[in-house]
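Heads up, the next two complexes both have subunit A, just with different partners, subunit B and then subunit C.
Our next item is the complex of A and B:
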């Protein structure tokens, strides 16, 4: 269970509001202040001290993990403010010697960058919508009907995750071209859906599993059809799970590179390809590359912050399953 | 709520989603043109670093021939995959592709001959090694758009320093100047390896420099004219021994040093000399400690004379394009206005006349050494085999990395020979 779990800390849990005297005491047969009471008090203090040290250890581990995961992004961010010579300093420095916004003006002033952002957003939104529209009914059907074919289907969905994207990327590009969809966001969205859909089905299945059947039955007794119960009762309950699934699907498309490389040209090139274009055979423009990467990170960071509550709720919803 | 109402609601939402999706796919934000369909539009697939080279040409082509040019930029590492994918599918999203010279043999069957553009006059104005390389199986399949070669870049300020000059003369018995022999290069490297600085770099991560030494020693590189593997001959071994001998005057970790690392080391003032692609001379950052302090000299010759390995890019027209006429017009524009590439950030061209036009101008001091290197009698392009990139990645670079780390040259070369023979089977 994570440190951020509301069931552990409560919605406004802080250091000071954490329960500190939760150890239940058996009824005492001895007078207060006697040896037994003292032993129990010592025992409680020992437990309390143990809890504190565990918490401290957990916080240290959390901080270490945050630094471990966050440092590359911070380094990217600092590099985006460095002068060209500073970005290639030997040995490298973490903080810029001289702060500059030149990399941002260079990166954002480059032709095609704005268009690539629009393409990325367009592709990610279409792909997310496609994933949810397909994954929600698929996962609902699998979890509620529990047929052998459903089990085969969900395993098959998992197997598709094991196929290397490059193996399907090239034929997919040919198929899209033959269908007249070459170099369009919809072609790339469909390709991205092949990545996010299996994960979405699995995620949504675990969220649907966590919803008691009784809820639907109660809704049916109250006059809802099965679809009505799904729409009015089940989906609101798993809305956190849908948010989690949506953000994973969005991220899968937003950050995807290989299909974008193979399937886009003039019209629908997305930003990851533009970022990669800063590395050329003649050198790597670290400053501009990191500046554009930093800007490209902003929407997903904002999205994550915006949906943070839903994500945490969704994750815990899946966690109580079984 | 009835089932029908619910279904209606789902249908409405689904319909709206579909409508939004379809509206969104009308065209991407990158531009309204469908690849290759508009008769007056030419889509040019180009590696991101080469885009700037062709921008001026595209503007001129619009004025002269009324052709609009869309550039499809891709990173170098992904371009080969993209080309392979589109060529094999028979549907291409571009009308002209800028191809790295090492890819020409791989794609020779997917691109059209452009023999008519290689007039006698054109052949005289293109470096001989490039004319030879562009001709695959009797047809010219690519027009050189720009080329490059390794030259010597050195710290002019250090070479002109009075204390260094006297110290060097006292130690080696001759004047400190840009090296013209490998003996001088070694002496100078040794002299400047002090006080945290190094005389040169040794690049274990790239193969071109060692191959230039092979050419200078008088052998074809890796394969002879009959495609026999000659990597274990004396010239290759001597070249490798010399290459690794410089590691004691180079920064540690030579096995991992590639172009980017070597360029950084030189621009940071950590090395006194480097053998590097000529374009780097004009790309030294203005705020670099070495800015304005760098001199350029031709690549040094060996027993066979001066030799470098050119790094040209060719413009080719795919057989699958439906826009052949305009594609060829663009290639002709690129040849006619080749010198415009020199004004770009990369600052390269492919025609001898274009380089000569600029070589005496301030800021283009690297062009004289570049022309001399490209015209070197032993200068040669890489072997025309489809397996070349694979040979480089799986055999040559690992070989160099082991060699600069102290491996036995003869044994490594013998082993490499077997590997290359297996690849070519």
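Our next item is the complex of A and C:
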């Protein structure tokens, strides 16, 4: 049916190709550039609806789903622009009767709120750097040399994903205070790295898998050491993959709550903890809470929309290998 | 002098391995060790060896067994609904083809939102009196009064209500992974089935789902593990209440440790919880995934 459909053969057809210049294609689509695109396009055709009436119905369904899915966050945004009294009006209205920035000035003016943003950013950046510094060489060692210890190591890293944070949070917190790091961004970022490191190793392994071995063999023949080949030849090739991994490590730390709750008191409190505290301290101040939640979420939502292709590549990598 | 490749690989892996050993394996060891002691919550307080007492106490406690069942029910509800919705959306996007690309991106946005924010947001939608959902359902004529359903205050349904933000947050992940899997199904296969006269249900259950099996297995296991650890969304919505009706394992362990000040008992609970998760995960991987058999 759809082989003759002109819509499938326009310039838009290239968009399903991975951005091969920056991100190496995932292992499931090893064929480089053009041929990969052609094969993928062919695959997708089988299920695509052809009839105009069916397509219209599907678009209506999609519109309904998107409204349902997008509405909760829009309502949060609308609420953040209501007057404080309006936020708890009975019955509630969707749109503000009167638009105001009062909640934003209230929320950001509370003591500790701006500091918590700085703490969140600091913690997330330290944790991201730490994850990358540890994961990149480890993943390279695992995929390039395929030693038995490497196989054991990647399995062990996957098992750590199953460890509930609540189980290690308390011992970890007491280790940190013993080391004199209690209530510091360093301690929290180390805790966050226990979450992001296994994920980073897994992701980076998939990216290194896609790099042809000849590349660094040629480099070593030219007199590079193995470490030099990794640093000067392989790392530049997987820089897109490193960016994806960095985004995931950053998000894991930025959004994390339980470790932050257990390991921070005042000085290094991150914003998720402050949001949770708002609720206990100022029970009905939904205006400030929604404003703070919006300010905290919007940067990462924008980041996703900007970098969506990389994020999609990263998320599907592990799972689709099968 | 050149070291062997094997040594070089070990040298590359060592820092990460050391990090995980110190900051994951050692705390886990401490957790298991603590589970055999009765520990005073005061720093420097007494610490007495009690053997398996904490384990007996955990299994004898109604709170622990209740939390175990609730965690299981919560995980099943979350994963089942997410899978159904995610598959539906993935099929929808696939059937619409590449014109739907921009909407696929928009559909991802909840994945970036902190669980604590999602919990807060849904609490606001479902809260008694000024929650929007009750009001809208009332205006649509579905409810006689906006407070008829106590989403977060009725112990019979609260476990389902607290699951909603979790489902909302990660259906996108399910959809994304299943969508990617669908793109790898050969078009000829679908075409051949269609020529053979296969109708939509047969197509779905006989062809698409079996082909997606490895992808589905990974997605279910990954999400199942995450759902079983849910903490943030439940804490902010109900703090486990009313009457512990939404208290899952993570919350119970947290409260036993912090609120009731019994680290020994909490460690025993944590150890059992961890072992149960590992057992379920290995069982799931070996039965649904069956690596090697499907390829």
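Of note:
The rule is simple: the second predicted complex is superposed on the first by the 218 of 322 C-alpha atoms of A that agree within 3 Å, B and C clash if a C-alpha of one lies under 4 Å from a C-alpha of the other, contacts with A are read in each partner's own complex, and residues count from 1 in each chain.
What we mean here is this: a contact is a pair of C-beta atoms (placed from the backbone, for glycine too) under 8 Å apart; a residue touches a chain by one contact, two chains touch by 3 or more.
From a predicted model like this one, the values you see are computed outputs, not experimental measurements.
Residue contacts after overlaying the shared chain place A:279 against subunit B and subunit C alike. By the document's definition of touching, of the two partners only subunit B reaches A:181; subunit C does not.
Of the two partner chains placed by the overlay, subunit B and subunit C both lie in contact with A:88. In the superposition on chain A, A:231 contacts subunit B only, with no contact to subunit C. Of the two partner chains placed by superposition, only subunit B is touched by A:112; subunit C is not.
Judged by the touch definition given at the top, the superposed model places A:102 against neither subunit B nor subunit C. When the two complexes are overlaid on their common chain A, residue A:170 makes contact with subunit B and with subunit C alike. Looking at the shared chain after the overlay, A:265 reaches subunit B, while subunit C stays out of its contact range. Contact with subunit B, but none with subunit C, is seen for A:122 once the two complexes are overlaid on the shared chain. Subunit A has more of its residues touched by C than by the other of subunit B and subunit C. With the contact threshold set out at the top, residues 88-90, 133, 166, 170, 226, 258, 276, 279 of subunit A are in contact with subunit B in one structure and with subunit C in the other.
The touching residues of subunit A, counted against subunit B in their complex, run 83-85, 88-90, 112, 114-116, 118-119, 122, 125-126, 129-130, 133, 166, 169-170, 173-174, 177-178, 181-186, 189, 224-228, 231-232, 258, 261-262, 264-269, 273-274, 276-284.
If you check the complex, the residues on subunit B that touch subunit A are 1-3, 6-7, 9-10, 14, 17, 20-22, 24-25, 27-35, 43, 45, 47-50, 70-78, 81-82, 84-86, 88-89, 91, 93-94, 100, 259-260, 263-265, 267-268, 270, 277, 279-280, 283, 285, 287-289, 346.
Across the complex, subunit A is touched by residues 5-6, 8-13, 15-17, 19-20, 23-24, 26-28, 30-31, 34, 89, 91-101, 103-117, 120-122, 124-125, 129-132, 135, 138, 146, 168, 173, 176-177, 180-191, 208, 214-215, 218-219, 222, 225, 228-229, 231-232, 235-236, 249-250, 253-254, 257, 263, 266, 270-271, 273-274, 277-278, 281, 294-295 of subunit C. Residues 7-8, 12-13, 15-16, 28, 40, 42-49, 54-55, 58-59, 61-62, 65-66, 69-70, 72-73, 75-76, 79, 87-92, 94, 133-135, 137-138, 140-142, 144-145, 147, 149-150, 153, 156-157, 159-168, 170-172, 175, 190-191, 193-194, 197-198, 201, 226, 251, 254-255, 257-258, 272, 275-276, 279, 286, 289-290, 293, 296-297, 300-301, 303-305, 308, 311-312, 315-316, 318-320, 322 of subunit A are the ones that touch subunit C when the two sit in their complex.
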